[in-house]
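Think of it as A, B, C, D, E and F in the order they're written, each chain with its own count starting at 1.
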């Protein structure tokens, strides 16, 4: 019966590996200090799980705006831990599930984890898992409660340890729902906010040629400010969005690409600064 | 089992073709610059899907007033892409479905698409798919969440690409629901707003004779203004509505048709200007 | 399989005929201009359906106060069209149905209609079909959405045409629900509002004798005003209510009938004027 | 199959007779003019049903405060009609039924009635049938809608007639729900409001002896006012309540009965006057 | 089949007896006038049920604060009636029942009662039976409606009589829900409110020795006021709570008991006076 | 059948023992007077259950902030009672249960307890058991009602006694829900609030070496105030959180541990003082 349990766990693990890799499709570019800070703090928590007998359960919440790279960073942290049991909980695998089925599946993943000595579970996009929608503050209370209880439940076998890494773009909502305080620790996962951040990503992508970079660079050489003849706005763009904008721009014909990118980036920064001030 | 999958997909594809054609029953009349702009921008996104390996999923939202031609334009864009897998998701095929069945069907279409290397899915009239009604802001949250997750989920087979084109006449509502920001890009699909726009459609329809056109033309020769002895109002009419009004007018007996058309068009423009100002 | 479809449709058609006739139990009395106007405009739309290839679906909404004769006029219009497929959708045939069953039945009628080349469907009393109640603005959203989609869905066979005639006594509510704008056209079905209107119905009914008419007539000889010694109020009574009041009055013994009718009519007009002003 | 239908109907009819009689357990005491008025007007409507071919469905609503005798009067009216088919719809026979079952049962009674040429149905206590509760204005919308449709649906066999008598103690609520206006006519069923009304009931009951009546009478000899040394309040008591109070009083030992009755009646009138003024 | 019915009823009756006795575990202490008054008025109603043929159903509501002894008094009244059929309806026997099951069970008890010539049913803690909670005024409307109908439904066999005794600590809520007025009579079941009331219970309990009583008595010798060096507050404590406080106090070691009791009683009185004034 | 009952109970009991021990994973450190007070008062109640025949059911509520050690203290109290039947009710054992299943399971535990002469049940984290969430004040009313009834239900076998110990971090909410007043007694379970409290825990843990303690101690030598160069805030930290913070700090490399701990503790105290003042 123990053998059986192992059998059940193994193949799922294989599937998981693929899933983790797809999350970091474009790698982890080291675009600035926030990237290194987050990875270092995360590693300390991984150590705590391994070494402390008093805290067999440690949970971490990565919070940041949409498209800021939360999922990729959570996945990378999980893979780096080298724990023998890693799992990914995401709504993408539970589309069209009833609330009850979703609770079942989530609690099954945790139950499997308790059987392993060292486990890490990524819980991606909590607001999506609980079907949150701002209109009327709707959400699935049963999934929320399931998560709250599991985030506070120690593995029941002595010596077994569990690390949970969750992500969210709605920290305020999670606070209102009372799930925010359940985490052992939280770390910020911010947008790129300086011209140099953006430039280092563009260079790494190698999407634009010399000439185009020459056109783009001046607009991004004013620290936290994006400056063109028509725009002057604080820089704020998520790493995932930045990849999308660059790829859109390069579809234009040769001469227009640099300009198109500046136009798209300016609009994105304006939208983000508007949402922050609102 | 791969063969089977193909079998399942093919016939549905055949059905889809017919459905796409019915959406453009009256063709795509090039009544003014907005038509060409929208088609060009759409084509660029199609290219991005084909060529970029960093963005395997691109999604576009066409937003415009009721009857402005959104469905026809989305269908045309999909057909023009020449992608081997095209599908149409519309509430018309899911009447009297439960929420759960609707989620199932939608996610089935996406699952099929992931199996094809290049796919395009039209998601028509999002507000209808989620059973939105303004009174009490009611809507199906489960369908909404299903769409939100699918619009953010990359095909899981490496190298497979997906293009999603959605339509809506309720962009403000979609923004409140948090689904608006999930799209890679949005494009406007406006009403006809100048006399020349209307005249070029009437000419293309060939519904009125010389004499009738002579009666109609003066009212439509003041740029954005509709002017008759009794009316002076901004021109605003959707292409689909315009076809309906013209066809109603021509049922009248010979001498009265032109007048009837002006009367109907005037009432429509008044209604639309009223709704905008309200 | 086509034969089968025909079989299914025919008998139901027979049933429908009876139902249509019961709706005009007391005929269509030509009590004034509004009656003729409505019937003429309705006929033009019937022609459009028959002749236009660009608008295979035309929908009409008859709106008027309770008991104003909406159902009878819609049924008459449908019978006059002489279309081979006519159907009546009414809550009376769906009592104690679940929402889902109601949606099924409605969509079945439309599905049958699509199979016929020329069809007309009467959708009676939309507010009743959607279980509308003003307290708390309750209604069946699933039935509403089903209707909204069907009122916008063209027959899928090429060349097939469909005419839908719906009725309502709650146009304001339908507007709030967003279904009002879906109709191709709307026509008013008003109450009787002049003394002559009422007198012509009484004469047609032949319910009162000479003497009684002599007593009644003076109160109804002041245009839009109902005037007796005790009453002076605007005339407003639905044709269906008028039949009910006249029949109540004639139960009284000989000498009291005329007076009783005036009393009942006065009370009704007061009630209606009160509701309008409120 | 017609035979079968008759079989189904007959036994239920038998049961009904008993039920009708239990409703008038204490007879119909003619305590004042309102009793005679109501019975006469009711009889006229019975005649209309029998004689008018233009109004095959007539419906009457008896409205009055709690315990005012509504059920007894509705039952008596139905029995007096001598129609071959009489039925009683009351929540007492549908305790612990689901909404759906309740709708089924109600519509079954109406369906049976349509088969008979002359039918009368008593629909007792509409607010109870729809599970109305003032807190949060809760009620069963499905039962409400079922009633609204049935109260407006003519028997489908030609020449068949139906009379519906309903009762309510919540006319204001019924008006808000939109079911009030569906009735052909409404009649008031008031509380006893004069000393003579009360005295004539007490005499009819024969519950108090000479001496006791001598004590009671003075308090009830001031028209609409109840006057004792401690009380001076408008008289208002339902006939059903009055029976209860008198029976309570007579349990006291001999000398105290008259006083106890006055005390109980005074409290009841105070409560009622308070509720009216509130 | 009649035999069967009897069989079903008998054993349950046996169970009921035990249940009734457990409700008066600590007897009925005659701590002051309110106890005798309530028992006498209750007895009169029992007589009415036995003797009146005009009121085959009489219902009584005992209303008082939490822990004031309502359940014990209702149970005692039922046992004293000596009616052959006595039953106890309490949520304690319906834990984890669905609403529907609860309605079924309640109506089954009443149905059984109708079969017996003289029956008494105790309906304990109405607010608990209907799952009432003040937050959002939630409650089970189906159970409420079931009770409202049953409290107004006469036994259907001629000559059969039913007495219902219900209890509540939420009379205001019952009034808002409209069930309060359905009762034939209501009686108050108050807290102990004078020092003498408390002292007579303590003496009856015999929980404290002479010395301890000497310490306690002074604080309770000021009529309605509880007075110690630190406290001066109106006396208000339920009989059930009083038993609990005395038992808690006697767990302390010898010298501290009297003081502990005063401390606990003072706190309770403060809490109650606070709730009343709020 | 009695044997069977015992069988059912025994094994579950074994499981329970383990569960109780896991709750006090880090023992019960006597960090200050509140710890001793609570344990002494709890013991008195245990005695009352054993000795009083008048109060066969006694219930206690431990109320304190999150992570203050409530669960551990409740578990310890239950184990100390040495009662033959001990059980633990926690949401952790009912994840993904429906409301109904949860009610079933809870009432099963109580039903088992009634069979034993002396029982203690720990009901952990009431707000979690009822799925409470502050947004919209949502909770499971059926679980709440089940608890309210069970907390007031005496064992039905004569002489059997039950002690219930519950915990909550939401006493205000429980008061609003009306379950707070159902308990026989409540005891506070506070956060550590003085420097000495914290120091005595750190010493007991032995997590920091001499040097590190020398750095930490000054900040904690100002009574209720936490003072560093950058911080001056009231001390408030739960015992469970304190263990977590200390374990996090010791992951840092040697020289940084003391500082890290001060930083983490300062942030926690600030957060708590903020929440109290808000």
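Observations, loosely collected:
The criterion applied here is as follows: contacts are C-beta pairs under 8 Å (C-beta built on N, C-alpha and C of every residue); 3 or more make two chains touch, one makes a residue touch a chain.
Here the structure is a predicted model, which is why all the values come from computation and not from measurement.
If you take chain B and chain E together, no chain is in touch with both.
Looking at chain B and chain F, the chains in contact with each of them are A.
Greatest centre-to-centre distance from chain C is found for F, with centres as Cα means. Seen from the Cα centre of chain D, the chain whose own Cα centre is farthest off is A. Between chain D and chain E, two chains of identical sequence, the interface residue sets overlap only in part, with shared numbers making up under half of the total. The mean-CA centres of chain A and chain E are about 58 angstrom from one another, to the nearest whole unit. Between chain E and chain F, the centres computed from C-alpha atoms are 34 Å apart. Looking at chain D, no residue sits in touch with two or more other chains.
The touch graph of the protein chains shown is a ring with every node of degree two.
A single ring links the chains, and its order as traced from chain D towards chain E is D, E, F, A, B, C. Of all the residues in chain B, the ones that touch chain A in their complex are 44-45, 47-48, 51-52, 54-56, 58, 100, 103-104, 106-107, 137, 139, 141-142, 144-146, 148-150, 152-154, 156, 176-178, 181, 184-185. Against chain A, in their complex, chain F makes its touches with residues 18, 22, 25-26, 66, 91-92, 95-96, 98, 128, 131, 133-136, 138, 205, 243-244, 247-248, 250-252.
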